[in-house]
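I'd like to ask you about the structure that follows.
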């Protein structure tokens, strides 16, 4: 369904992605992790066609996003939902108007009340019932992410992309967002692609983890194999993030990990 | 110098993209009139003030220029010609550049840096058709009206100065003024203004879309928008005037 | 209405604060010179690019009218006087506001948003003295300099159109140019633009210094700067013109 084939991308003299090939398992949650600046966000943007690779193909639902026309891109994008880092909500709209925005553009046959009902339902799902009328500027960071997520799921997409869902949040709110993602995963059962540097949350929610380092894909495994991987870079990353143990066996036995 | 032409080229390409987007998607219907009024109303107060004081100075300097030749009564003619043909469209355009242009550049710039433009694209909505088209239509609709208002205010202020400060005869002022302008001058003035509006809107939105990162990026984009659009309008003004008025009195 | 008066009051207070900083040592001369140079060079091209075509248009329209009366010879004096007394000061100031004023507001605004101004104060350095006052002085000096450039450019534009495009005599043009000029034409424009430059400097620094609300706040600061500066000096222009040129005919 979604596959990167030999994708390379540079910005000026900076090579961000080197020959990345990655097949995203459908219906499951895949996390892409790695240190800052390794091109995780860049990879996400390639998947949704906001960036085009210098070489390689990005296949989504049979369309190569790298060479697609605007019409083709739009057809594919309607099957995606994306949560941006700061929510990327429109400040001049209320919460409800933000969430119903995709419906207004892509589901013109829905009546106003049907749209409203759908929006309220999604807002309940993300844990923010009854804030349809609230102005966007009045939201906290955590609330913006929730509303952004509600907007991402309002068209009932087949894939949801998360760009660093925990960034800029305090630890309590961050845990709450992790719990929300877990709930969504269980409720919707669709493909999730999550970019993160929060290793604990990732290990809990992801079925598969791909690790990028210095533009290369250094590992791509189901989660339980990933945490036990005998790969120096992976182990360093896990150890650095979790601070405490030595060796992958210790990691697997940490509290908070299933 | 090469930078300048490269920039011009990029701007041209962007305009083509914009045209294509509008032709494919059409602008969002509901917002256009609303945008037009918003832009017009917001620009009105400063337009009034500036037109008034340009009118006053036109009268003062015109008087000074013609007095030694005994032609001070011709002030009405001078003000009418200079005001209607050249100054009113430029003033209206300058106000739009200063108020609406900077607003557009900074609004779109902020949206760009906060990934809202990306979000639009991901939600399969074309940002050019959605953000730029309504603003463009709004500006082009409002500018002729603003130009006419500028003309009226400018002439009134000039009249006031001529009669109350310089002691000229009011009816002569009006007579010379109305004799020197033809209805077509108003039409040309409106056309000029719309053309300027087109440039200001596209240039400001262009800089907004290509905004650099962070608050400095927004500041720079806004800065460049107002300077570039003003300069382009005034430079092109010569060619437009030559076309409309040159040798074809 | 009350809001506007309150704002005016704050602005006045801010200006006084700047003035107070400028009478005490150290005066950061190097910084002031640097800012003046930067402002002048950045605004030079836009000012020239704007005054030259305007001179051209004046010649175009002027000739259309004067040829009807056989009074082409008057063109040179019209252009020189109009340019020196009104057009150049106004256009130069508009561009200084648009370029110099807005980049000043943008950079101070960004500094405010990124807390750099606060950081300066915490390091026991007076932010107004170090960041703000030099910019105000720079603009007050740069504006008249640019006016001079603009005047030259405007007259050049008129000459260009009259002689090369419309076929008037270059020699006559130059002779007539000087015949009606008076000293007041030269220093009147400089005086005006010094005042305008000061206004632009104060207004742009005021808005930049007080920016708030993230990146959007910076955009708003730039917007307000350009609008308020232009309104301020156009209004001031009327009073200065009345005072300077009220009854001064060539």
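In this document, chain identifiers A, B and C correspond to the written order of the chains, with residue numbering beginning at 1 in each.
Keep in mind that, in the parts below, a residue touches a chain if its C-beta (ideal position, glycine included) is under 8 Å from a C-beta of that chain, and two chains touch if they have at least 3 such contacts.
On a predicted model such as this, the values are computed, not experimentally measured, just so you know.
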Taking CA centroids for every chain, report which one is farthest away from subunit B. A
Innermost chain by mean C-alpha position: B
Per the C-alpha means, the centres of subunit B and subunit C lie apart by a whole-Å value of 19
Counting in whole Å, what is the centre-to-centre distance of subunit A and subunit C, each centre being its mean C-alpha position? 51
With chain centres taken as the means of their Cα atoms, state the distance from subunit A to subunit B in Å. 44
Note the residues in subunit A that touch 2 or more other chains, in rising order. none
Which subunit B residues sit where two or more other chains touch them? 114
Hunt down the residues of subunit C that sit against at least two other chains at once, touch-wise. none
Would you tell me which residues of subunit B are touching subunit C in their complex? 46, 49-50, 53-54, 56-57, 60-61, 63-65, 67-69, 81-82, 85-86, 94, 97-99, 102-103, 105-107, 109-110, 113-114, 165, 214-220, 222-223, 226-227, 230-231, 234-235, 237-238, 241-242, 245-247, 249
In the complex, the residues of subunit B that touch subunit A are 24, 111, 114-116, 118-119, 121-126
Note which residues of subunit C are touching subunit B in the complex, please. 46, 49-50, 53-54, 56-57, 60-61, 64-65, 68, 74, 77-78, 81-82, 85-86, 91, 94-95, 98-99, 102-103, 105-107, 109-110, 113-114, 214-223, 226-227, 230-231, 234-235, 237-238, 241-242, 245-250
Help me check something: in the complex, which residues belonging to subunit A touch subunit B? 45, 48-50, 70, 73-75, 77-78, 80, 82, 84-86, 88-90, 101-102, 105-106
